[in-house]
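As structure tokens, the structure follows; a few thoughts come after it.
As written, the chain order gives the labels A, B, C and D, with residue 1 at the start of each chain.
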Amino acid sequence: MGLREVLLAVFAFGALAFALAVVSTRNTVYAALEFVAHLLCLAALYCLLDAPLLGVLQVMVYAGAIMVLFLFAVMMLDIQETGRESAFQGPGQVAGALLLAALLFALLVFGADRFPAAALAPAAAPGAPGVGADNVVRVARALFERGALVFEAVGVLLLTAVVAVMVMAKRRLEN
Amino acid sequence: MPKPKMTFVERLYLPEISKGLALTSRHFFRNLWHHSLASLGLESRDRAMVTIAYPEVRRPYPLVARSRHRLTKREDGSPKCVACMMCATACPADCIFIEAEEHPDPAIEKRPRHFDIDMSKCVYCGFCVEACPEDAIRMDTGSFELAYFDRKGLVYDKEFLLNDDPHAVPAHAEPLSRGN
Amino acid sequence: MFGVGFFLALAFALFAVGAFGVLTRRDPLVMFMCIEMMFNSGNLALVALSRYLGLASGHALVFFVVAVAAAEVAVGLGIIIAIFRTEKDVNVDHLSELKG
Amino acid sequence: MHTALDSLNAAMSAHPLLVQALAAVAKTVFMMTVVMLIGGLILSWVERKQSAIMQDRIGANRAAILGVRAWGLFHNLADAAKGILKEDFIPPDANPFLHTLAPFLAVSTAVVAFAVLPFGGTVHLWGQSVDLTIAPLPIGILFVWAMMGMGVYGVVLAGYVSNNKFSLLGCLRATAQVISYEVATGLTVLGALLFYRSLDFRDMVAWQMGHNLGQVPFLGHLPDLGAVLAHIPAWGVFLQPLGFVLFFTATIVEMTRIPFDLPEGESEIIGYNIEYSGMKFMIFMMSEFVESLLFAWVIVLVFFGGWSLPGLHLGDGVAVLFGHALPYASGVALEAAAMALKIVFFLWFQMLVRWSLPRFRYDQIMHLGWKIMLPLALANLAVTGVLGVLAR
């Protein structure tokens, strides 16, 4: 087992462990911090899967911007934990959700049966995203040539989101 | 007071900022030049600074500056004070304690047996000097460094007050500043 | 061992964990994070499959998912803050009162 | 002596892998030494002395070892000793692990970002070409941005786990400020990236070394002026003056230094580090200095041609300065000196700004970020892009 395999195992385990921690932690801020750790593990996995651009973007956008905004909101709201008997819904609901999640997992694994535990293609395969300087170029090609329309649509979506948030904030000010 | 109106150039902000930066950097380079010359021993460091290197260099105090008290003396070395209590009465901080006794010379009515000033209470108003009819108390020693490890060091007795050395330290006190 | 199947299994497991969290937690902020976790498991599957199939288009898709997630968080947090300002509490149970 | 050198040369030429491994270790050790020395020790001395000289004072000069004062350099050692010996106070209700983690998170993210910053071009040693970068990433600038984004967590953690309302307010201010300006920091640099067509710092410097202003579209076609401009190197600051000013401002906000130091507000307002004492507090201070070195470095790489010196060309084993051949080693040394001087200039300039301007009000910072810098950066980017398309 080489260094790459060890790192893959560590970060895969970390991603799963921190995901479970997020679901089970009671304090929202700690849950958010665990989620950040989860995201960093995923970013490392992306880098190991020859997607360094996505890995760095994950850290920049998800961990560096979205989750900071999230923490900002949590701390600003100053949610009191008092008067809340449990972080979870009732036991029946938990059991049902557990069953449903297990079913979901089984279904997905069953559906993914067509992808055997085959080794990943070598990075130098023709058409692969590549690791070096051309990684950015190839992703950009995919993004702006074939996905140009979707890119524009995402731009409109983001603008809509910005306007929506502004409207909500404005109404609060007037009250 | 109305807010002063800013011109357009001032509102652009950057020109004004660069003016300020030019001023501070001019100071920087001028002082750096003088510091360099001073390090080579070519001139005094005073040209590079407006501050005073305090413990080594002291600002000359004006004569009217009110500093630590002293008691003036007659020719024979005894205090001029006649224990009239004018200063203790005038003192707003109530920091002067005088105990009077007979003076052996029949021409003089009284003299202080004890004359204590509690400097931890004194407000340096100088009323005691104004009130004294005999010019027996003055605040012209030029000493301001009244800091001791113990509060008792700040209570000056008659013997100490008769000493007009600005660096004098009460016998019962340990001074904070042991430099010089 | 670390074939594409491994990463797909990891992605599915993360998806299931996220789904479990959404269904059971009361705190809407944590529910939010669990939804993000499900987004991310999709991203992981996309990256792994891109690597497997030697395509860059999976990476482009991940870009779009991240952008959508950012929009979702912005609006979602705005809604949660707005609710908190009026309700002084963000328990999901209380929010069911919004039902018409 | 001569034979020893010869045998060393022979051994190095025979083992290319050894050269690379030694180079990797040497690069890392060199970079970390520079960062720790400048960020941890020298900058705090410079801050003291420069502020003093600017304000017609002498500055700290009392600490002495055996009577040697060395212009106050020993004050840093005294500070370090004080920080280590001081009680490390952790508030009773704080989480001790996270409380300790926060300052180290703040400084380590800034230090890690130096891994992708080149401190020179490619040098040729014993037939091997060695990149003077610890980790030559093709997406270097994005990595720096990512680490900058992670740096906020140190502040957020410090404010939250201290379990103190004032530190929480300080960290809310810090978070809002840093998030707001991350957008501006990214956008202002994009205009320059349009010229370089790369996210790799080495490519940026190579582009700036390989071009002059006469080759820039529109500018180079101006009558009479074109020939003059051909002698001026195409540094990013000449191509993107507005982008540079905005970027420089945004970086000062990012590292929360005066005049934008609302998150900590050393002297008056209480900040996120209120519950920190001793060495942990000093590490917060140090992370600020490390960041200021980081941003000075990035500015030099992106806007001031990195290690390029006008008139100096370094080829494969030869150096040419204004047409005169130089020994290769002195050419490399000249490049290193150029780089170091540029960085020192920007560190000095950051300090100059810090000690000249009064602090902004919070609403002024937000107004500046969202209503002035963001539209200006967008307009700058749009104009650059449109002109670039027209010039094709």
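General remarks:
Just so we're on the same page, a contact is a pair of C-beta atoms (placed from the backbone, for glycine too) under 8 Å apart; a residue touches a chain by one contact, two chains touch by 3 or more.
Note that the structure is predicted; figures quoted are calculated from it, not measured.
In this structure, the chain pairs A-D and A-C differ in their number of contacting C-beta pairs, and the larger number is found at A-C. In terms of their C-alpha centroids, the spacing between subunit A and subunit D amounts to 30 Å. Work out the mean CA point of subunit C and of subunit D, and you get 35 Å between them.
A separation of 7 Å divides the Cα centre of subunit A from that of subunit C. Distance between subunit B and subunit C, defined via averaged C-alpha coordinates, is recorded as 70 Å. Of all residues in subunit B, none touches 2 or more other chains. A linear topology is adopted by the chain contact network, the touching chains following one after another without closure. Counting only pairs that meet the touch rule, the chains in contact are A-C, A-D, B-D. By the touch criterion stated above, subunit D contacts subunit A in their complex at residues 98, 137-139, 142-143, 145-150, 152-153, 156-157, 159-160, 168, 171-172, 175-176, 178-179, 182, 198-200, 203. Those residues of subunit D that touch subunit B in the shared complex are 50, 53-58, 245, 352-353, 355-357. Against subunit D, the residues of subunit A that register as touching in their complex are 29, 33, 36, 52-53, 56-57, 59-60, 63-65, 68-69, 71-72, 75-76, 132-133, 135-136.
Only residues 5, 8-9, 12, 15-16, 19-20, 22-23, 28, 31-32, 35, 38-39, 42, 45-46, 49-51, 53-54, 57-58, 61-62, 65-66, 69-70, 73-74, 76-77, 79, 84, 86-89, 93-94, 96-98, 100-102, 104-105, 108-109, 112, 115-121, 123, 125-129, 138-139, 141-143, 146-147, 150-151, 154, 157-158, 160-162, 164-165, 168-169, 171-172 of subunit A touch subunit C when the two sit together in their complex.
Across the complex, subunit B meets subunit D through its residues 14, 17, 20-21, 23-25, 27-28, 31-32, 35, 45, 48-51, 53.
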